[in-house]
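So, here come the structures, one by one.
Below, chain A partners chain B and then partners chain C, in two separate complexes.
After this line comes the complex of A and B, so read on.
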């Protein structure tokens, strides 16, 4: 911050007050936390199976698109509409992830490349669809029609944008922890990730695990996209994610791939995201500093994982 | 650092305490005379490798001092070669002859060739290291050290991966080196090597010297007792029984390249141990993987008359096929997991360890405590991470897991590799007990002593084919060794 010509203390103060200064700010921080938490859990889920899903962004966009399309054409009461919209998002993300999962399981294609490329495909495809064939009549920008109010996620803190998505994300984190620790599926998934050769000898079907893990990872990210559509935007818009799916990789790593610690990491990154605008306005620190901090966090973690073991064994 | 009393290497009261307070060595004295071959023995974790590292100057002692008359070369158990480089590049690495800014490849190649010829270490200077068999790669490693003109050469478990013939060649090389005045310290726990090739032996236990002797004044039993700190348990007795139908393999073809199996047929009946003896890289890996069901194959396999479908390891485990893989760290264990979680690997989806897709961690821990006790796996708790166990205890855990469920067929691939005397004795006895209990045991390896001690029948494998079969009554080391070398 000093490099950017501002007083770092003022910068931090502005960042924190912007993120935690009052109930409204806190709620907005939790909105950001939620948006990061879904894709971060998605990344962690695949990572636990030894797969690097960089495609959470694309899966999130496709999930949001499916949710937006399903929701806009829906005439039903909330208790039917909301689950349907969320399910559509999860299904969309799962299908998008399944493409990479299929390539990996069938042909041994690198899931890193496949998911990375599918990000671009997802963004361009969504852009084309909502700019052209699926654009809502009379819409101002590239977006689908407004969801009927019945399909909106209920707000849990009055006067804010914080919706049911937040408790849902927390619930999902708890569920994943349970899956990892207590289920046979989670055990086999972790075995495939930690020691694939030992897992194969123990009867774990590595291909099936790889396919399932990426598809479910995509479902989680897609669900995240659906909660943004049904929770905050109430329609699909191509700019629904400012890169949540990418920051999520850092969140997942900072959280050590443990669902509960990822909740804390998502909150910390949520503070950065939501406080950055206030910081820019009050302390004249460019909000890009936050991106730099996030980048440094990734570098530091990568160093710890890659470099530290080498030093230890040297 | 001067040589005291003409010794090539002398350690005086050397001690080493690692961060965390573990004392690896205490008060060790050791002197090597020029031209002497000296054996250093001890169980896993006795401090042998630490001692080697200190002697070579790679590790600083916490106490005592080291005197060297010259360079001390160290040949590691796990080779330290650059796999993608050629032999000559590895040998001159770090001290390349130069011509201006470039490496003088012709001169380097010639110097390596001269050095190899002078020491009778046959190797092609232009071969890429990763394409070389283990025995040849080891020659490269020795050449690299010799190029630096050492006064002392230390070899850490040099025969762990060598076939019988290669072992003889290695010791012939070492003897000729010693004849030229190089002092040689061989770290090993194979007692026949100690007695056959070394003049003196030093035994470490728990970081202390517990025995010093000249080899003509001691015996294998005495050295083993010193290593273990007591008597080594005798091998379990073989029960006389009538074998029943077990594993039947017909025209098995699998794998490719040097490891390909070219239509192998054999049977392992329940109640017998059948050994497959061969030099590494003649199809053993393919054989073990095919029987375990982890690779595709052509041909037919059945167990107790029931056909085993290819490509389904889970189904094999369910019918009682258990594997003790060659590489416990990669193929046998999830090192980051607890002993308890590893104990259920392979049975994760079965009662009592799981019901309706949910794991019962308590049942897993109870089972782990039971096998840890029965197989003498030394662990502080079953919640300890597998990575924290010594190699011998990791191996005992893998063996325990394979034998605990009354298997119909056990595939054991070098089940005592890199394991100390006491642990190896226990593993061998447990395999015999499994046979006595009616398991069919397929034992694959190259350590003839072990195979001859355990097997009821033995096949020699060479280039993917079973070239000879022997019954226990006519086991003959020399003939089997020749068959393994392809001279049957």
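After this line comes the complex of A and C, so read on.
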């Protein structure tokens, strides 16, 4: 900040006031928190199984695309349309994740490389579809048609963009905590991540767990994409995510892969995301400094103990 | 005839930065460091090249700055992975975010405007041609190094079985840091080619995923310098073909997805087993004996 010729304290104050200064700012911060929370939970889910899902970004985009297409072609009352739109998003993300899961389980391919490649393919595919065959007639940019208002997620705080997506994300965090701590599947997942050899001897089918973990991780990220489409944009646009899927990795690590602490971490990063624009306007600190902070945070916080050993399927 | 020549030239210009980045990837992965921050390396070096050329008016100093910036980013990855126990993939993701932010931030700090820098003194057609030649020379040199040089053998051993290397009296951690420094410097040449060779400015997002295409080329080229170079040239030619085919209505987005799909196919092993170095991406175990 000092480099940009601005007073760092002013910048910090502007960041905080932009993120928390009033009910509307707070609501916007929670919108960003929500957008980060879904992919962060997705990343953590795979991490717990010892898998690196670097592809939350791509899964989020595909989920958003499926939600946008499903929503735009639906004529149904809200209580039918909204669940269908969200399900379409989760299914899209799951399919995209399943490709990487399949390559991992069937061929032992690195899920890091596979999800990384699928990220770019997702963006290119979405860009091709919405700028060509599926572009809404008369649309200004590469985007699908507007969703009917019945398919919009209801706003939970009047006069803001904060929708039902936020409580939904919190609910999901609680559910995942329950799954990790109390279910057989959650136990197998953690065993596969923390002690793959022991898990395999105890009868855990590592390949099946790997496939399921990446596919479900994709479903969570895809659901996040669907909530952005149905909650804030009300249509699919290729630039729906300014890299949420990548920042989510930092969020998941800061949260120690624990769903409830990830909620707090997502809130902290939400402050950064939503406050950065105010900071740029008031204190003349470029908003991109936030990306630098996020990158440094990942480096500083990624101690080895956080990351479970990799699965050995061989 | 003339059109063929124009196409080959365009293909080489498109391939050169991919060749540099792919060789950088090979250099790192053969030592056991999976460097997914090649994209970030291209970004910071492309920016550093323009910034230095802007400040000094000398594009050669820009090239030097790019190499230094690339090496610095690579070195951070190497040190974080070997000395601080940070996972390579996580560190690489962080560095990519950091690099994208640094480029965008640097534009505002240095030129006072977001988006793109003003035009600066570039390397010119001769410099551009020299870099293309250098890319292929580097590929041959790296091939010879891995095949014949004693340190080339140790380098590869570091990626296959670092414990054996340690037993032979070489510190694999130091070699991995050296590999990421060297790889970063090579990626720096690619970044400089983008901003001072092909163009004469830096703009946000100008690397356009080339660091990831390079990772695909490394896989497709089976982790060898010559194989990765051949794959990078093929991907470069494919992207040159995009310009030609645009007029005939083939969707450019789908063409652009080809390298990634090719890499995914390579991962399935349909064309023979594509096996990474055994210890690629695997952290070093702490020393047990003195």
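As a convention for this text, the second predicted complex is superposed on the first by the 302 of 314 C-alpha atoms of A that agree within 3 Å, B and C clash if a C-alpha of one lies under 4 Å from a C-alpha of the other, contacts with A are read in each partner's own complex, and residues count from 1 in each chain.
The rule is short, and it goes like this: contacts are C-beta pairs under 8 Å (C-beta built on N, C-alpha and C of every residue); 3 or more make two chains touch, one makes a residue touch a chain.
Quick caveat: nothing in here was measured; it's all calculated off a predicted structure.
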Combined model on chain A where chain B meets chain C, clash or fit: clash
Touched partner set for A:183, first chain B, second chain C, both or neither: first
Which of chain B and chain C A:289 touches, first, second, both or neither: second
First (chain B), second (chain C), both or neither touched by A:264: neither
If touched residues of chain A are counted for chain B and for chain C, the larger one: C
Contacts of A:191 with chain B and chain C, given as first, second, both or neither: first
Chain B versus chain C as contact partner of A:114, first or second or both or neither: second
Which of chain B and chain C A:203 touches, first, second, both or neither: first
Touching partner for A:76 - first (chain B), second (chain C), both, neither: neither
Chain B versus chain C as contact partner of A:298, first or second or both or neither: second
Listed stretches 163-171, 181-189, 217-225 or 253-261 of chain C, narrowed to the one that overlaps chain B: 163-171
Contact residues common to both interfaces of chain A (with chain B and with chain C): none
Chain A contact footprint on chain B (complex, rising order): 292, 294, 312-317, 323, 325, 327, 330-337, 341, 345-346, 348-349, 354, 357-359, 361
Touching residues on chain A, where the partner in the complex is chain B: 182-185, 187-188, 190-191, 194-195, 197-205
Chain C residues touching chain A - in the complex, by the definition given at the top: 34, 36, 76, 80, 84-87, 89-91, 93-102, 104-105, 108-109, 114, 209, 212, 215-216, 219, 251, 253-254, 256-257, 260-261, 263-264, 267-269, 276, 281-283
Footprint of chain C on chain A - complex, ascending: 3-4, 52, 54, 99, 103, 106-107, 109-110, 112-114, 116-121, 124-125, 127-128, 131-132, 243, 246-247, 249-250, 253, 286, 288-299, 302-304, 307, 310
